[in-house]
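Please read through the structure below; I'll follow up with questions.
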Amino acid sequence: MPFAFFISMAYQIEVTHLSKHYQVHEKEPGLMGSLRSFVARKYRAVKAVDDVSFNIGQGEMVGFLGPNGAGKTTTLKVLAGLLYPTSGKATVLGFTPNKRENAYLKQFTLVMGQKQQLMWDLPAQETFLVNQAIYEIPRAQYDATIKELDDLLELGPIMKKQVRKLSLGERMKCELAAALLHRPRVLFLDEPTIGLDVTMQARIREFIAEYNRRYGATVMLTSHYMADVTALCDRIIVIDKGRLFYDGNFRALIERVAPYKIIKLQLAQPTTAEALAQFGQVESCNGLTAVLHVPRATATESAARLLSQVKVEDVTFEEPPVEDIIREVFAGIGKDEARGAR
Amino acid sequence: MRYIKLIGLFLKANILVELEYRANFIAHSLVSLGWVSITIIGTTVFFTQTDTIGGWTFYETLVISGLFTLMGGLIQMLLQPNIQKIIEMVRVGTMDFVLTKPVNSQFMASMRYAQLFSLVDVIAGGVIIAFALGRIGFSPDGLTLLLFAVMLLMAVVIVYSIWMVMATCSFWFVKVGNLTELFNSVYDTGRFPVSTYQGVLRIVLTLVIPIAFITTFPAQAILGKLEPGMFVGALVMGAVMFAFSAWFWRYAIGRYSSASS
Amino acid sequence: MGRKYLALFRSAWMLSLEYRAEGVVWMMTNLMSIIMLVVWLSISHGGPVGGFSSGDFVAYYMVGLIVRQVTGVWASWGLSDDIREGALSPQLVRPIHPIHRHVAANWAEHVMRLTMLLPIVAVVLIITPDARLYLTPISIAAFMLSLLGAWLVSFLSDYAIGILSFWTSQATAFTQAMQGLKVVFSGILAPLQMFPAAMQGALNWLPFRYMLAFCNEILLGQTRDERLLFGLAVQWAWVLFFFILVRILWKLGARSYGAVGA
């Protein structure tokens, strides 16, 4: 059951049967191939987004997952008004994004971790001033926002240094600040933490959460780092090859794909896999250590039984790692398709 | 109002950047002066073999050389840096930031950068014009100067429009840099009065790639030889070209799909 | 070495085919020469100018188109970019000097463009009634030799300027200055015979003539016998000069590049 179904307020982002197709030119390998495509080019239609529907309510933080080329960025760009949908409809805050009305442009922001809007040779505050003029932010509000962003991101010293002299993390802080000066109500964040070290990733994440809390902003986030998504988003949307694969509560997905818990055992005396098989699925067993997957529903019971029957030095219970779950989700998609093709 | 404030901010940013690279200023000033002398030497070489080119005397042609330098300076100062940036932004995808801003995207994309040291060329061009006029012994009156100013403005509008159209092509073609090279070599025809060129070439240079409106006609204006038809033609040409460039930009944006889709 | 070149050449050629508009557009940049031809034709309308008839101007500029195509170089731009963006480092650790990559790229473009240009030039020369070339075994051989020399002078001098990027971020400004000087003094703007006699004397010793005009003069039969030998001697002296200059600059530059650890 989609999580959004339970939210009673009006949706801020509505996407219905959205498709975005485009043509790419195929290059053949080799010398003859490049000669041939020099004369007559072959084109192939790519379905970047294919009949995708979802709704997002105000203040929600939604993680957007999928392998490379799944259509995440394309969807974000459609929502930001950069791409026209081939068919279907997208509405954000009641606007049609691709009309790019100023009233709409002033209410959202787009951050792309791999691209930057800051002026390279100048301190970030010069870009801030340009954005202040572009978004017509009143002086007082501008000062207040800068002060607030400074508190949250410790911008003070770095916004006065030339951007090219900043570290990647410092640059990202400034990028975020530049993107949030006009206090947008909707945030489209495409890989905002890419390339950053773990501590900096965590800082950025905290900041996004704090911004969401303070302003009730709606956030759509794509990331390669699962930690970003687990930390920020209750709800995730998974797409692959342009098609919506899953939309709903993150926990629910875990239950569905990985309905088990992991028990790691440190045994007192060597045991065989056969002996452990009665408690759950044995993933590995080599003498004194073993890893078991036990069904979620009966996890406690199995564990109790196990502890009473086997001599154990140490035991830990773990949730399946999110990366594995997602990998399994995508593997599942592959299998579905293979089946569908036959 | 907001746009004026933005131009001010862009200008400030450009000055700051140029102060960053002080050495540039000196190097480029020298290069500019080198180019100016080449232009003058070039014109002089022709006149060692002939008295008139296309019916223009040496000093009259020198007025054209001056305009050629002045407009070339304006192109390098205001157009080239922005166009290069547009091409780059389309290639790496940062054009998205421009398009998601609540300002006119053509303004934002084409007015942002300036290469201020090319001011040297603009000034040098002005000096050449003044020098040539002095040698001819012609001092333009108020009306002539006004007409000249209008013709110059139209020349700027026309050049801007041509460059915008070329930059807009970068939404479809990867190496638009070559297109600007092409324009630069066509612009070289502007060193000489358009009457130098015969037949189809003259028509092309007047109506298709209107180089005549950029150097020859303004030169005629400051020399007091402007015909009414040219004046009206310049106004019409400027308006049409500008409207086309704006339409083409909007059309391209409409069709724009970023490289990474 | 031959195999390496073939591989470099192949990849450069594929790159140049990748953007089909480019070749055409670059062809059009030869317009500068055409424009000058048109201007001279309009001047020589009433009779020969400086010893050149209209047909001579056509022959001069048509040969010039080919020479310019062969001597067109832009390696210094690529080299400057590579040095500034640090892309040179991976090339330095390869067992082949980066100059060879630039040479291969340069010739890949030449081959493609010459195949487009040659037929056009031939047709123009045939249909222009009094456009005559001076074609003897010796003049053709001398032309080919001077063409090779012209390319070497152009390429090596351009490369020497490109190497300056090791020390200054403004090397491309020098390249532009060089291009400007070339337009005027190599014979693109006007055949050098049009210049005042005193200037011609100086131009005989400067490298610019040997990047273009010298080749043209050989094929038009304007420079023969001992003046031809003198020209070839000066040209190849410049080749040697720039060759040594490139070697020295590269050594110094690579050392300072390594010292910074970029």
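Order of writing sets the labels: A, B and C. Residues in every chain begin at 1.
FYI, a residue touches a chain if its C-beta (ideal position, glycine included) is under 8 Å from a C-beta of that chain, and two chains touch if they have at least 3 such contacts.
Not measured: the values here are computed from a predicted model.
J.: Most central chain by CA mean?
T.: B
J.: So which chain is the furthest away from subunit C, centre to centre on CA atoms?
T.: Taking each chain's C-alpha mean as its centre, the farthest from subunit C is A.
J.: Averaged over CA atoms, how far is the centre of subunit A from the centre of subunit C? Could you give it in whole Å?
T.: 53
J.: From the C-alpha centre of subunit B to that of subunit C, how far is it in Å?
T.: Distance between chain centres, rounded to whole Å: 28 Å.
J.: With chain centres defined as C-alpha means, what is the inter-centre distance between subunit A and subunit B in Å?
T.: Inter-chain centre distance comes to 46 Å.
J.: Which of the residues in subunit B come into contact with subunit A in the complex?
T.: Counting only subunit B, the residues touching subunit A are 2, 5-6, 9-10, 12-13, 16-17, 20, 92-94, 96-97, 99-103, 108, 254, 256-258, 260-261.
J.: Could you please specify the touching residues of subunit C with respect to subunit B in the complex?
T.: The contact residues of subunit C facing subunit B are 19, 21-22, 25-26, 28-32, 35, 38-39, 42-43, 49-50, 168-170, 173-174, 176-177, 180-181, 183-184, 189-190, 194-196.
J.: Can you check the complex and tell me which residues of subunit B touch subunit C?
T.: Result: residues 21, 23-24, 27-28, 30-31, 34-35, 38, 41-42, 45-46, 48-50, 53-54, 173-175, 178-179, 181-182, 184-186, 188-189, 192, 196-198, 201 of subunit B touch subunit C.
J.: Using the touch rule from the top, collect the residues of subunit A that touch subunit B in their complex.
T.: 20, 22, 46, 48, 73-74, 77, 80-84, 100, 102, 105-106, 108-110, 112, 115-117, 119, 121-122, 126, 129-130, 133-136, 162
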